[in-house]
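So, here come the structures, one by one.
Shared between the two complexes below is chain A, which pairs with chain B and chain C, respectively.
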Partner chain A sequence: MRLIKARFDGFRLLDGAEFNFSVDKKKNVTVIRAANESGKTTLLSALQWALFGDEALPSTYTTISMDIPEGMVGTTTAEVTYEVETPKGTRRYRLVRSLSDRAGSSSRPKSSVALEEIKPTGNDSVPNVESYLGQHMPADLREVFFTDGDRALSFIEGRRGDQQKRVRRAIEQLMGLPLLEAALEHVKKAERDIRAKADNVSGSQQLSDVRAQLEALDLAIPDNEAKLAATTEEIANLSDLYSRADRTLQDALKKGNREEIAGDLQRIEKQRAASEARKRTADLDQSRLLSGIDFAKGMMGEKLKAAGKVLDQLRKKGQIPNSTIPVLEERLTHADCICGESLDPNDRDGARRRAHILHLIEDSRATDVLKSRISTIYYESRELTNGKMAWHDQYVKAYSARTREQETYEELGRQAAELEARLSKIKDNDVQSAREMRDTYLQQLTSKREQATRLDVTVRNLRQQRGERAKEMETLLARETKGRKFAAELSAAGDLRKIVEQTLVTMKTREVDAVSRHMNELFLQMIGADPDRAMIRRAAITTDFNIIVYGRNERLLDPSQDLNGASRRALTIAFILALTQVSGVEAPNVIDTPLGMMTGFVKREVVKVAASSSSQLILLLTPDEINGCEDILDQVAGEVVTMTNPAHYPVMLKHDPGTSDARVLICKCDHVSSCEICERNTPSTPKQVGEAA
Partner chain B sequence: MAYKDERVISILMEQAEATEERVLGYRDELKHAVADIIALERQNKFAKTNIAVKVGDIVSRVGTYLNKHTGTGS
Partner chain C sequence: MAENPFAGQDVTVSDNYRTHFETYVQRREGKGARPEHQPFDRNVDFWFAAICVAVRNGIKPSPPTGKTYKAAEGVALGSPEWRPTALTLLAIAENGDASIVDRPGEMMRIANAYAHVGFPELLEILESRGGDTALDHLSEAIEAMLTK
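Up next, the complex of A and B:
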């Protein structure tokens, strides 16, 4: 299906607004350029209303112009021309939808619709319009083909269970799975009907019992399957909640546990007190070194050595030490002299000798003061000049120890201050409550997983029982002549059921895998990820319909948290494009503001990839989104128009549009040109404003 | 934007091909039956019909074929 043109009258800001869409396969992109509040989203809504009917808009959505006074009636009309490929060739249709509504009414009236096939011989009115439209534009596919950058994010944002539902729904609808599910239900019903008929005809109690068992199994299996599906969804949500709670706990733990930090602070304070004591000891050691003998040695050592030499020379000459008097006095206390002669005072010679010694003592006492002082110095300086001169080494050691201890003391002080600051920021129960929350989710998750396992086993057992009972019924029927017909029909029904069931399984695995692989290719291309070096390595859709992303080392990333805004949008656009391509459904992709938050490479690649992956692409872009992609749009855009809101004059628009009506003006300006209608004022930067002033 | 049933049909055919050939031509009967059922389901989506009865008739058709050819050696 391709859109050819559309016209809207009285649809909010769109009045007399005509658009031609590119059907050129080489230039398959149509660009609607419009600044914010210039009708892009209105156009997206208008197209959906025209093509899909009233259900496409919220019931409270008012289509009529805001200029219509309260109580007055306004009319909205949409006219869309499109073509579809059929086995008999391309057919072109013209659709007109309209409604009249009273301004201020609380609910929107139902629209009327007319469809005609455009033929060279004249237009043919099409009966059963809604049925036709349903075939051309199935409502199930609307949200995939008509979207905006923000809404597309719902595939990877919000509650995990909701994300999965949206992804599953989108995939199932585009792959036609609801059709298969409906077929399966009808085949199962046919199977039940055959069993009932066989039971009635045979009248066998055994057959009746088997049939009753099969009926019960047919009720129990879908019941348990539904419970399993619900439990699986709960597991997905709980996994999400658990992951978030665990992340919160990790964050809280990074900030620190209040008790742990208080403990750390206490430990640091103790260490600091010990360090202070050691520092005081080091101070004392250092000061002791400055007042000890070693300090004197250190300071005067060299001079004293020189003096020592002089004193030694004097000693050798016998001039020092001045030891005569004490020796002589000491000798007088003895009865004999050192030479052996008597010093007995009672003996005449002894008395004479003692008198001589006393005389010598008197003579010695007459020796000059200088000699005495030199002797004193000699004796007292020997301590200062003997032994090792180790003071310098000891002082260096003491100084280093004191400096080191000072540093330790200061470092411990810094650590204590940091811990005190952290302590002041942490609420009392941060870690505790985060841990409790995580553990609660983990407990619930474990319980749900066990429940899911039990349900899975139950479903398998029930299916096996059904197979056995069905076989038993066929066997019982085959014994009777009139039962053989029913046995054959039951075999056929069973085979048909298995074919459809297995096809559903295959579609859910093989085809989802195909969408997953294609989405990954498009996504990596969009973000320019190098498979060997990039932070983001690949994206995938899991079997339970989660869109996930892997980083380096196969690390699982949460797209809603671990990807930047541009990558998130690129991922969802890649998913939509992959889905539409794999499904084979040919339809226009209409995307409002797809390039928000994107710049540079990613933005350009998204435009390129989207253009090459769509059969027809209609982009509703702001001038900022276009900025940097002009050359690509030159190559891929077959149609470009600009919508301008006259209400933007004079603040944003350069020229007076000549109207203040609440309706956008459309000009033929492309993505690089501007005219009297659409030319906008260049936004002033603060610097420019300053310069102008 | 119309649905593309080709993929669904091709997988249904694969699955039918993998089904036991209970009697000669049985698989072909199954293939025709699933194709008819899908066509009916698609039709029913846009214009409601008594689809349960119609699917029942198709199942009965395959069953009749099977019964007819069982024990005949053909």
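Up next, the complex of A and C:
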């Protein structure tokens, strides 16, 4: 199918909106340029509604214009012209779908549809339209061919099981696998019918028993296969959850155990308090130097020397030391005087002499107080006037001690701050809850794996039993004359079933492999991966329908986590393009905002690769997405139009569009030009507009 | 010194410096004091440092004028025990006569006069510390004075 043109009336923002699509094989790209909120997604929805009917839109989706007042009726019409290649040549069709709806109604009415083949001799109305449309563009392919950058990510994002289901469904639908599955069911039913007839004709109890067993096995096998498939899907999801929980646990462990960090912090705080006390002591030691004797000696040195001189002169004069009284007192402790006379208190002369000395002591005491004080000062001053002045050495020592302790204190402070920061990032029981979560998933995973093994064994046994019973039935039928015909028919049906089954298996493996290889080529081309140097080495689809990516050293990467936004989008677009190419289905790829989050090389390559990999490519792009790809679009775009929302005036649009209706305006401006309708303000212009207003 | 001749005397300071005692003396804040910001243990230590600065800088002593207050009792000068000796020697040097040791009041007047002229110098150092601590800034200034 190739889209030729489309017109929409009364479809939300699209009213009287006509689009021509490029059918030029060399310039197979159609670009619809539109800023955000200018109808791109509406156009994607409108095309799907026109081609696939009401099922293509959510049931609550309202098609009529927002301008229609509540309670009033509005009509939506879509008219699409397309062509399809048939063995008899190209046929062109015109499709008209319409509905009338009341604004504010809770449900959307069913649409009516008409299809006519356009012939040179006049148009032929086509009956049974939906059936024809299904042939031209199967509804199952809608989500592959009509997509947007975000929705395409669902092939690699979300629950693993859901991803697999979406990828498998897309591949199976596009490869026509459901048709083969239906054929297989058909052959199985034929086998059952033949056996039933043979049973009726022969009347043999043994044959009847075997047939009953086969019937039971034919029910049990698909039932167990379905259970096995469901369990396998659950395992995939649980594996995914387990991996994530394990990663969360590893992250939590990297952050550290809260209790351990809290313990470390407490220890550091204790050391810090001790360091603070030591630092205070060191401060105190240094402060004491400012009141110490060496400080006084240094600061008052000159005066102390001057005083020392005065005292030395007194000493030279014999006034220092003042030793009269001490000498006399000392003498009284002896039995005789220094002159040799007795000082014995029992002797009369001795007692008299002693009394005389005591009298001398009392007389001297009053006059010697002054001399005594000076003498004391003289002796005590030596400590201050003599000896080395050591203040500098003490200061250096004290300052060094303080600096050392300050550094220790600050280092401990840094450690404490770091631990506090780590602690604040860890929620309560972070490690514990992550471990519990991981262990729970592991437990469930183990249980599911055991279940899957049991189911697998059961299915194998059932298949083996079925083979044995089928052989037994053939033998029993061969013994009977009437049964031989049925035996031959059964044998033929069995052969047919084996062929269809084998074809299905081959299709599933070989075609998946083909899509996988092609997707890899397109993806690597899009991201410009060098086979020897790139971080991303290859992408693949596994046999269980997972899209995976390998990094260096064959390291498995999770596309949803390990790829950047641009690479994720490139991968999904590569998958869609590979799928459509391998399937051989010729249909337009309509992609809304495919280049979001992409810049530079990747963006340009995605446009190039998409254009060369698609039979017809319709890109709905914002001006930002176009930016940097203009020269490529010059080469590949056969049709370019611009959609403009008049509601963007005056903030984003430069000129008054002359209407305030809720409908987009379409002009012929291409990806590089602009006109009175679509010219937009540069970022600085809105302010100027405001000022002018 | 067995006895403290200044025990009966008062450490008298101009009222202008009262707030500075509160700023730079630890004893007022007890355990909460920070030696790096309050480098002096007691009022007499701050007062004695002012005397030292004045002596070192060779400033002529001048007794406090205007309103004064008793910053400490002379008994506080008894410790450390070398301090009364130092103050006595200062008085002898200033007076040129050792007999001044017999006149504690006069010795105290000399000491108070030195402290009075030393405070502006000492405070100029402390008040120009900027972002530095009082202890570091004063220690560096003293170090500079002593190596001059």
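One rule holds for everything that comes next: the second predicted complex is superposed on the first by the 514 of 693 C-alpha atoms of A that agree within 3 Å, B and C clash if a C-alpha of one lies under 4 Å from a C-alpha of the other, contacts with A are read in each partner's own complex, and residues count from 1 in each chain.
The rule is short, and it goes like this: a contact is a pair of C-beta atoms (placed from the backbone, for glycine too) under 8 Å apart; a residue touches a chain by one contact, two chains touch by 3 or more.
Just so it is clear, the model here is predicted, and its values are computed rather than measured.
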_With both complexes overlaid on chain A, does A:E511 touch chain B (first), chain C (second), both or neither?_
first
Just to be sure I read the superposition right, which of the two partners does A:L496 touch: chain B = first, chain C = second, or both, or neither?
first
Check: Thinking of the overlay built on chain A, is A:I357 touched by chain B (first), by chain C (second), by both, or by neither?
Finding: neither
Query raised in the report: With the two structures laid over each other on chain A, which partner does A:A220 touch: chain B (first), chain C (second), both, or neither?
Result: neither
Just checking: does A:M597 make contact with chain B only, chain C only, both, or neither of them? Give me first, second, both or neither.
neither
Touching chain A in the complex, chain B uses residues 1-8, 11-12, 14-16, 18-20, 22, 29-30, 33-34, 37-38, 41-42, 44-47, 51-52, 55-56, 58-60, 62-67, 70
Counting only contacts in the complex, chain A reaches chain C at residues 280, 283-284, 286-293, 295-296, 298-300, 302-308, 310-311, 314, 369-370, 373-374, 376-377, 380-381, 383-385, 389, 391-392, 395, 399
Interface with chain A, chain C side, in the complex: residues 1-2, 5, 26, 34-36, 38-41, 45, 48-49, 51-53, 55-56, 58, 80, 82-83, 85-86, 88-90, 92-94, 96-99, 101-102, 135, 138-139, 142-143, 145-147
In their shared complex, chain B is touched by residues of chain A numbered 1, 84, 128, 131-132, 134-138, 141, 145, 175-176, 179-180, 182-183, 186-187, 189-191, 193-194, 484-493, 495-496, 498-500, 502-503, 506-507, 510-511, 583-588
